[in-house]
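Two complexes, one shared chain (chain A), two partners (chain B, chain C).
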Partner chain A sequence: MKAYKYIGQSVVKVDGKEKVSGAALYTDDLEFGPDLLYAEVVEGPHAHAIINSIDTSEALKVPEVLAVVTGKDFPFNFGLYMKDRFIFAQDRVRFYGEQIAAVVARTPQAAKKGAQLVKVNYTPLPKILNPLDSIKEGAELLHPELKNYEHVPWFFPKADTNIAHHRKIRKGDADKGFEQADYILEDTYEVPRYSHCAIEFHAAVAKYDHSGRLTVWASSQSPHTQRNLFAQALAPLGIRHNDVRVIAPHVGGGFGSKAGVTMEIIAAAIATKVQGHPVKVMWNREREFYNTYQRLGVVAKLKIGVKKDGKITALKHDLFWDAGAYVEYAANVVNAVGLSAIGPYNVENASIDSYCIYTNLPPGGPYRGFGYSEFLFGLESHMNRIAAHLGIDPIEIRRRNIIKEGDLTAYGAHMNPNGLLQAIDKVAEEIKWNEKLKSNDPDIALGKGFSLFWKAPAMPPNASSSCFLKFNEDASINLLVSGMDLGQGFLTVMAQIAAEILSVPTSKIRTENPDTDRNPYEWQTVASHITWGCGNAVRKAAIDARDQILALVSRTKYLPVDTLYLEDEKVKCTTHSKFELPLKDFIINGIQMEDGTFKGGPVIGRGVFMPEYSSTNANPETSQGGHPNVHYTVGAAAAILEIDIQTGKMKVQKVVEAVDAGKALNPSLVKGQIVGGILQGISTALYEEMKFDHRGKLLNPNFTDYKIPTALDIPGEIVPIIVEVPQPDGPFGARGVGEHTMIPIAPMIANAIDNALGIRIKTMPITAEKVCLEILKKG
Partner chain B sequence: MKKISFKLNGETRFLHVEPNETLLDVLRDRMGVKSPKCGCDNGDCGACTVMLDGKTVRSCLIFAIEVDNHEISTLENISKNGLSPLQKIFLEKNVFQCGYCAPGMILSATELITNNPHPSEHEIKEAIAGNLCRCTGYTPVIEAILELTKKD
Partner chain C sequence: MAIPYEFAYERPETAEQAVKLLGKYGKNARILAGGTDLANQMKQGFRVPEILIDIKNIKEWEVIKMVNNELHIGSLVTFNDLRKSQLIREKLNILFEAAGLVASTGVRNRATMVGNICSAVACMDSAAPLLVHEAVIHTLSIDGERTIPIQQWFVDNRKTAIQDNELVTHVSIPIPEKKYAGAYQKMMRYSGEDLSQSNVGVLALSDNKYHVAFGSVGPTPKRSLKIENLLNTKGISKETIEEAKAMIETVIAPITDVRATKEYRMHMTKVMFERALKSAVERFKQPKLITQ
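Now for the complex of A and B:
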């Protein structure tokens, strides 16, 4: 294999110095001058109610209040995959805390005071706080207009119900498969809602200037998608795409919460009503919890049939998703899970029904893992229970069933090359799977848990990435891409790709978070697709630039192009060992010929990537026929868990996780994703839980009552393992790993508890209280 | 409004403050010092950590009026002389991801190693336990501090 100089190296992050020095600026750190206005949102105190009237007259009397806007000012639907959402509530509110109006003032204090004086008259409606209630006969309809909403062609809303989408898989013959089974296990697993808990709040500042230019600065995972949605929603005001400019500073954590469009559109819309002034909308910690996206809750009914040897004969997975009040993004979580809820197994007979169900809780949406953590909790718990019943080792039963390259996925496409078996072997070895644990303390029980994971990017089939690569006089490079560095190190890895192809060190490549005016199109930084997708665009742009360079040198130096190559920022020749031409000598100003003329000119590379083989065209009754997912990333994880049998308190002694990165372009960054993802997974498994009251009001929207781990709560030891089975269409073989690392953690812990105590917890989170009560019940 | 003066990153500054203005808001919005961040406004997350007379405090829980005649320093004060050995090892090891917790985390860690040049792993965890981070899982932060401070 060719030795790489930059690829596969743990290069220091290109934005590292900014971040450790305190120089990095996030949206709220930017200054907008003395004309900046502040908006305060008015929220509805009902989970479901008709808005009869809104009286803004008192608010407008507050000194320094400039405007009050309400739903009537913006009667537009918007949404990423389904236009079921509104900038401000229209005739009704559908979750507790939904935005109804905003007061714009010179100071935050005046805006707050005004917001308290907006009077809204409501008629409460029956509210639905549970997805199973929402699909009962005669349930109150949350979106009577559902049938009229525009949506992507792969969604199937059920008119006059609360089911916004139903993804159905029918592969083989599940009934027959169950008939052939020697053993069938059927059970229900429940996963509640979770919050992303990025430490930075959502923030957006927008200015609609007197020339009709709308500029939005936002903490965002999706600058181009935001531009697209702002332009679509505000088109009735005469705003076009090229009038909208989104500038994305550093982002203080995303995890899905800053994908798509949520509160940013409030700033964009308000700006059009206070033309000429920049206006800022800041969320606070409470709103981070109840008015951005939340991870969806799910009730999953799972039935698996197996032969005596553990081979799966049939799988039936029915998933009832609590998708919340608006599902413009959540419905695609439901869709993604529908396509993949067989897990990383080769299942001939499968039936999956994944239902996207409206409830009067805050909008569900993307969260690291995109539904896979949720369904794998049940599936990977189920696999252990079946193994126990059959007397087969839990890892062995997985080996007998795992999906291999070329096997058919649930929707009938071929599985990509993958290192799942290697991941299993490496994890089993590192955790010493076959060695029995022995506790020296009678109050401490020890258990080992194991789980597999897989996940595909969930994207439209035409989601694309692009790159401009500009050389400068000294052969340094500006690499323009529109993916977002959320901390995962995306920009660094893009620089490494360009560096490898062009022989320019990463220290000479400047690549920054985007401005949609300057940087070319990117769909979104979600789905763990950006290293793969945008990496391909960068690779193509670098090859484009390299080809221009070599062609220029070939025609001016009369050397065959196939003898030329790049090394150490120079063009060299395989047949003339003394020939070398530094890039800086000609990369902008060209090469001078004997007659004094110049050939060439500034070298600019261009790269575009779209997965042209992807398609969502399929039979809606079976999902067979298309190729909706580009590939899967797979892996395995195991842990040793200690449990205090007096209190139920748990501590993870050791976690091992192996992920098949295809090619780890920067191993230290891949390991960073593994270590960070494991703790986020442990946190959702053991600690975090959203508590809603009977009104649908979130009771713990703060870090005092919704606990995330501190440095004292980390596992005793973490062993990250990188497996590399190249992705054929990935840049240097790479595929994404960002979300995957947290996915196996909850079932891994549930399986460890069962291993330690013979207790099976089927609802998340697995709190000490729950475990303790089960211990008491067991006696 | 009350006129106060305090030393900010080595420079004596004067300004008028309302009694209910937090130190965090004054630093960020009125003095242009942006490294202290707001992550909860409730004392839970530690992103707003600054040094008050050499000790770390949460600037969202302190009123600006309270620092009259005191000394405040932020991450900018450390960075103005180039990166400290702690910042350098955090950089080299790719410790931070989104970086939002970094200013607070670095100040807490700086305070620790100033007072305790060779801390144990548990002492490190205790010292940074008030700084929430959602990205890193803390392990890289702890390992970097341990590596920097281990006895030769």
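Now for the complex of A and C:
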């Protein structure tokens, strides 16, 4: 195999210097001149209420206030997978803090003053703050219009209930499987809601000019999907897709919160009412918590049957998701988990019911892990408990059950090649799994925890990526893609792929965050699919450009095309060692023939990737028959945890995680994802917790009382391990790793606590307080 | 987030000018030193002062110094000034320890100890160390100087004995003549910056005497003479420590809130009391241990 020059190298990030030096501009940094207007949102102080009337007259009297808009101005539904959402609340509010109206003014102060003067008259309705209450007989219907909402064909809403989607798996015969079991463990696990906590707030500026062009600058993971949703939602105003342009500056973290469309549509809609003016909508930290997406909460009822040797005979997983007030995105989290809640195991008999349930809490939505962290908390806790009951080592029981290449997934498709066994071996070795821990301090207990993980990209079967690759006179390249660099290093890796194929160094490839007018289509930067999906598009574009180059040289220099290749920015020939033609000599202006004519012209590569084998056509009663997931990425993690038995305080001494990247295109960036994922996982496991009061109001929308780790809280030692079993359809064998790295952390911690103290925690987060009170209870 | 309303700002050069301004505006003025608490309150609209009197030009209040057998800490001394002061490290190790646990480095660079006790939020870190050391607060107004013992300073949550026309110039701390050592324990949800959910200060003095104070477990921080009396009369033993821990239940009144339950706060206060006491005793025996 030819050695790679750029692939597999830890190439320095293309946007690193710009960001580290502070030169990088984010949405709030952009200048829009004196015409810029500011909008302040009016929020509803009820979790569920009818809006009787809105009086905007006082607000309009405030000097410098130009307009007040309400739901009446935009009676349009929108949403990514199900159109159940509104730009501003229509006849009712469904969560505490929902946007009712917006005041547009020349200064932020005037907008704020105006917003305080908007008077709204409400009639409170019964509210539902818990998914189990929401599915009770006679529960208040939160979306009486549910049956009329447009949605993707793979959703199954239950009309006249609060169940917006039900994903059902029936594989083999679960009842029979349980009959064959020697031991059955059944229990319930609960995971609350979480917030993404990206450092940069959501921000959007929109301008609707007098030519009918709507331009939106937004901090976004999904510029093209935003364009699509803006155009769909605002179509009644005569806006078409080609009228909408989304420009995406640098993003200060997303983690799913900036996927799809949330507050950005407020800016887009308002702009249509103040034509000619850019309008800015800035979220603050509080709203980041209560009015963007939140990670869904779940109550998961899990039952697993095993033989004496630990082999799983049946699995039943019922998941009741607190999806919030609007589920246009959240329902697909529920769907993804339904398809995958067997975990990375070969389970012949499985029954899964994953319910997407409306509640009067803020809208749920995508969050790094897309539901997998939530269900793996129970599943990987369960595996340890079963192993303990049978007297089998927790890693050994997993080895006996793991899914291998060719085994059938829950929905009956074949499992892709993967390095799960290698990951297990490497993690077990690094953490010295078989060595007993001994604490020298009577106040400190030590425990080891282990967990597997798997995750597939959750995307529509036709989610596509595309790429334009434009050569310039000096053989430098502008690589146009529409994935977003969220800090993960996506743009750098795309440059590496093009560099490898075209022999042009990454330093000569300029690749930037997109402008939908300039850059070709990309679905979204979510699902950890972008290295794989967009990487394939870039690979195809680079091959397209290379093929054009070689064909041109072949026909002008009379050399067989299969003897030509690219090296060091030159075309070379395998049979004529002295032949070399620098790209810069012809890449734009062509090659001159003896008669003075020129052949060729600017080389432009084009690449499109769509996973054409993916399909959601399946029996809704069993989910058998389709191929909804393109592949799974797998891995394993283990940790040594120390616990202060008087206070419950915990410190991760060492954590090891191995992920099968297929091929690590940039090992340093893959390791960055592993370290970051571990920290975010530890944070959700030990510290973060959203607390709502009886009104459904979030009590801790701030970092004073919603804790994410600081440098003082990181583990003593972190060992990231890369496993490489190539993905057949991945660029150079690569598959995604971004979200996966945080998924195993919570059950790993829970298992370590059990190992140290014999205490099983079944609800997240596992705070010091919770552990301490359990220790006291145990006595 | 900007402060959404207008206010006046003055930066006097002398103490005299400062108290003159304060005399003129009274409760409509706020003193600006570190501003870490005030700026947030103004942004959120909890406080709407007409004028801010920025005292950062008054150099005499930046000083940490010994005056006879008292240690003086000026009203502009920040927590990181305390951390950098050899005098504080040597003479007031409990305050040195507490200062290191206040918020984050960024906040400690700005926030002042005097600001901390003037805000008098129940979860402050300065109170317990100052209580066990029997500090005295010095105020100034156009009417002259006043001294208030720390025991009488805290009136309620966010309420102190200060008058509307007064500002604090410095705090004085009498340094015990004989050997002593203190220890501070703070209950936090993690190792990063956090507001204490409970804190305990213990000062071990010669002749087996002890001072004990609790913070964040009631509207005001509290020194417990009852517990001190128990330790002072019975001495330190496993039994008296257990007795004292049981007594804590009658001394403090923790609540359940978004940060912790009262049960956990009560349990942690007992654990921290024992740890602070043992640590103070160890340091008393081996003063070199005081380095953290």
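Structure notes:
The criterion applied here is as follows: the second predicted complex is superposed on the first by the 779 of 779 C-alpha atoms of A that agree within 3 Å, B and C clash if a C-alpha of one lies under 4 Å from a C-alpha of the other, contacts with A are read in each partner's own complex, and residues count from 1 in each chain.
What we mean here is this: contacts are C-beta pairs under 8 Å (C-beta built on N, C-alpha and C of every residue); 3 or more make two chains touch, one makes a residue touch a chain.
Note that the structure is a prediction, hence the values are computed from the model and not measured.
Clash-free side-by-side placement of chain B and chain C is the outcome of superposition onto chain A.
By the document's definition of touching, neither partner reaches A:G44: not chain B, not chain C. With both structures placed on the common chain, the touch criterion links A:G662 to neither chain B nor chain C.
Of the two partner chains, chain C is the only one touched by A:L686; chain B is not. For chain A, the partner touching the most residues, choosing from chain B and chain C, is B. By the touch criterion defined above, A:G310 lies against neither chain B nor chain C after alignment on the C-alpha atoms of chain A. In the superposed pair of complexes, A:V675 makes contact with chain B only, with no contact to chain C. Using the contact criterion defined above for the overlaid structures, shared-chain residue A:G419 touches neither chain B nor chain C, since it reaches no partner. Vectors from the Cα centre of chain A to those of chain B and chain C enclose 40° in the overlay, to the nearest 10.
In the superposition on chain A, contact is made by A:L486 with chain B only, not with chain C.
In the overlay built on the shared chain, the residue A:P362 is in contact with neither chain B nor chain C. In the superposed pair of complexes, A:T710 makes contact with chain B and with chain C alike. No C-alpha atom of chain B lies closer than 5 Å to one of chain C in the superposed arrangement. When the two complexes are laid over each other on chain A, chain A has residues 284, 704, 709-712 in contact with both chain B and chain C.
Those residues of chain A whose C-beta lies close enough to touch chain C in the complex are 108-109, 112-113, 284, 646-647, 686-687, 691, 699-700, 704-705, 707, 709-713, 767-769, 772-773, 776. For chain B in complex with chain A, the residues that touch the partner chain are 28, 32, 34-35, 37-42, 44-45, 47, 74-76, 79, 83, 87, 90-103, 106, 124-126, 128-142. Per the touch definition, chain C reaches chain A in the complex via residues 1-2, 4-5, 104, 189-195, 258-261, 263-264, 267-268, 271. Per the touch definition, chain A reaches chain B in the complex via residues 10, 12-13, 15-26, 28-29, 31, 196-201, 250-255, 284-285, 486-489, 668-669, 672, 675-680, 702-704, 708-712, 714, 718.
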